[in-house]
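There are two complexes below, and they share chain A, which is joined by chain B in the first and by chain C in the second.
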Partner chain A sequence: MPDFPRDGVVAVVKRDCPTCRLVEPVLAQLAGVVVYSQDDPAFPPGARDDTDLAASLALGVETVPTLVRFAAGAEVARTEGWLRPAWEELTGVDGLGAGLPEHRPGCGSRTQDPELADELLVRSRGHTLASRAVELTALEDEAEALFDRGWSDGLPVVAPTQARVLRMLDGTSRAPDEVVAVVPPNLVPVTVEKVAVNAVLAGCRPEYLPVVLAAVEAACTDEFNAHGLLATTWGAGPAIVVNGPVAAEIGLNSGGNALGQGTRANSTIGRALQLVIRNVGGGRPGGVDRATLGHPGKTGFCFAEDEAGSPWEPLSVSRGVAPGVSAVTVFAAEGPRGIADQISRTPDSLARSLAAGLRTVAHPKLVMGFDATLVVCPEHARVFAAAGWSRADLEGALAEALTLDPAEIVRGAGGIEEGVPAARATAPLPKFRPGGLMIVHAGGGAGMFSAVIGGWVGGAAGSTPVTREVRP
Partner chain B sequence: MIVLDPTDESASAHREAIARPATLDGARVGLLDISKPRGDVFLDRLEALLAQRGVAVRRYVKPTFAKPMPPDLRREIAAECDVVISALAD
Partner chain C sequence: MHDFAALEARGVVAAFCASTEFVDASAAQARALGYREVPAVFVPHPIQDRTDDETRALADAALDAVLAAVTTGGPAR
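Moving on to the complex of A and B:
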């Protein structure tokens, strides 16, 4: 804390400010005023050096010149800029600045200088960060250094500087040291701060952080079983669908190309979750991640449900979250594959069409193993809406169309050795376990192209989709 | 630049040099000339002495001693050698 007078007047100025130069004779006139100079200790003569801005920050100066009166160690009066009556009242001296104009506004304090914003942010709040600081040497290329340390998924990452992490933490009201989850596979407790570090790496904006935190919470549950999903040789990874007002607030795409590239929130939120699993949980390809092939969406897979255009209640609501509350649902996902149907105009025909696409999940002859998600596009949803079909109606029609004839799926049928063992293929079998098919509404306004997102083994032996509310 | 560690911090922040090998038998040995004058004379002699012991070497040269090694050369040496001897005879 700077050594301010217990009783007296302090002025903060900078040479760069014309008003400060204007009042230089006034300050000279005021005996006993302690003057701090933000940019030039020689201005005015006898000023205290505040080029490190310690006094300015302690006083919370926003404009120069600022004049502050202390009495008994406490601030009792303050004025900014040059206003003769105000200066005279604060100093108790009459006849100040004869010949000067009555009033001149001040200039911005150097503490408000955007060039210094990061440095001041770190100086004022850097001590609250608990993560280990790693110094990159001047000879290291920053981007290369982050690759070298193994912190990247293979794409460039944003350097998690203290300032960036502090700004990221402003995206949530949760305390930086709050433990969010225990991250598999190494079962490491992860704090809000550590998630924020990885969100910076992933390229997130601070307002995305609450969604990332909810996704980490959801993915690190026993039901979701991120460890198993990671370790399996099957290629699926975690995907996130976002519901509620937060989606529009942070610019998540639920429309055209919702499952594709080009939207920062979509691209970086899923990536942040994967980087938490990689960097904090220690789950890396070639290590615990044993995928035979994997898929490009394992870099990060996140989109929003198009609620406004949906004929149905939001997915989150059907999964028990109150309407209007933001939530994430994390589910095991392969890459999406389109189902084209540009002819069906009746819900029954379209449901059978979509079922035909869903039947291929894992293998057209395998049942009751793998879960799946169906992303219904607006032009397909319109057919169901026109017929008054609820989500449950569609689920029922899909289940009916996906009750498979044992003669078609038994091992050897169709000249294909893979299939259901003969001992089980004694009666019609459902393709999906109860609750193993999730239906989401998203996509652009044109195109009768929905998508199947294959999952992984569903239920207790595999992964169950998990929904969590997004907390601010 | 200071960055914050995104990991669980169970690994050291600083990379340690690997242990000095007990023998050069079977090791891939590189000789690095940092381009100081007469470093090649010294390294030529080392190469001859190592050859007498049956150790073949690969030779590398930094473009200039005044600047850090180019990353590509560093990577090349790391990929091709188990041991590297850097020497100068200024």
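Moving on to the complex of A and C:
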């Protein structure tokens, strides 16, 4: 802490500021004023060197010149720029700056200089970080060094410098040392700070962090069973659908190409979750991740539900979250595949169409095993909305269309050995377990193409979708 | 492997059993849980498409190794 006078006046100036140069004779006129110079210790003569900006930071100076009066060790008055009456009142000296204009605004303090922002951020708050610092040598390429250390999913990552992690942490009000979850497969407790580190690696902006934190919380639950989802040879991975005002606030895409590339929030939030599982939980392909094929969305899979254009209540509301509250729902997901129906204009026909696509999840002859998510596009939703169908109406129609004839799905039927064992194929069977089909509304305004996202084994033996509110 | 660790922690003798495709995965998970070595038996892959008779034959063939795994040595940390 700089040695400020217990009782007296402190001035902070820089030579680069015309107003500071203007008031140089005034400072000379004021006996006993302690002057700190931000850029040139020789300006004005007798100034204290504050080129490291320690005094300026301690005083929270935003403009130079700044004049501060201390009494009994506490700041009691402050003025910025040059305003004769203010300076005279603060110093108690009349007749200051004869011949000078009455008022001149000051200049920006060097503490506000964008070029110094990172350095000053780290200097002021770097000590609050608990993560191990890794120093790279001058010969190391930053991006290559991160690959070499195994912290990447195969794409370049953003180096988690102290400044970037500190800025990321500004995206949440939660304490950096708060434990968010215990991350499988190695069951490692993860703090808000460690999630922030991985959010930086993934390319997130700070305002995404609350969504990433909620997704980590949701994924690291017994119900979601991220360990099983990772370890299975089936290719699904965690996907995130976001509801509530946060989606628009951070620019998540729920419209055209919502499941695709091109939107930073969509691309990086899911990636941050996967990097937490990789870098904190230790879940890596070739290690505990045993996927036979996997899919491209395992790099990261996140989108928002189009609530404004939906004929139904938001997914999060249907899962118990209050309307208007932001939430994430994490679910096991394969890659999406489209279901085209450009003819159906009645809800019954369209529901049967969508059911036909859903029947292929895992295998057209397997039932009650794998969950799925149906992404209904706006042009299909319009058909249901026009007929007044609720989400429950659609779920009911799908369930009816997906009650399968045992003769079609029994092992050997259709000349295919795979299928339901004969002992179970004694009556019509539902394709999905109760609660095993989730319906979301998203997509662009043109195109009668919905999508089915196959899941993984549902329920206690596999993975159940988990919804968590997004906390600021 | 977590099940193995949980059983061992309760004083129940355990061994890890999987098909040969999971040698690497079990080693990675064992290391993460602090084990240098875990008594393990790996049966020939694949598993899912075996008939019941084939699966019984696999189990019979592995029985001696399983008994040895739970009666000799033990995990090393």
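By our rule, the second predicted complex is superposed on the first by the 472 of 472 C-alpha atoms of A that agree within 3 Å, B and C clash if a C-alpha of one lies under 4 Å from a C-alpha of the other, contacts with A are read in each partner's own complex, and residues count from 1 in each chain.
Note that a residue touches a chain if its C-beta (ideal position, glycine included) is under 8 Å from a C-beta of that chain, and two chains touch if they have at least 3 such contacts.
This structure is a prediction, so every number in the text was calculated from the model and none was measured.
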item: First (chain B), second (chain C), both or neither touched by A:Pro185; value: second
item: Partner chain(s) touched by A:Val288 [first = chain B, second = chain C, both, neither]; value: second
item: Partner chain in contact with A:Leu129 - chain B first, chain C second, else both or neither; value: first
item: Superposition-derived comparison: chain B or chain C, residues of chain A touched; value: B
item: Partner chain(s) touched by A:Val93 [first = chain B, second = chain C, both, neither]; value: neither
item: Partner chain in contact with A:His227 - chain B first, chain C second, else both or neither; value: second
item: First, second, both or neither for A:Ala54, with chain B first and chain C second; value: neither
item: Residues on chain A lying within both footprints (that of chain B and that of chain C); value: 186, 282
item: In the complex, chain A residues that touch chain B; value: 129, 131-136, 139, 141-142, 144, 146, 151, 159-162, 165, 186, 188, 194, 197-198, 201, 275, 279-282
item: Of all residues in chain B, those that touch chain A in their complex; value: 1-9, 13, 68, 71
item: Residue ranges of chain A touching chain C (in the complex, touch as defined); value: 185-187, 227, 231, 233, 282, 284, 286-288, 290
item: Partner chain A, residues of chain C touching it in the complex; value: 2, 21-22, 24-25, 28-29, 32-33
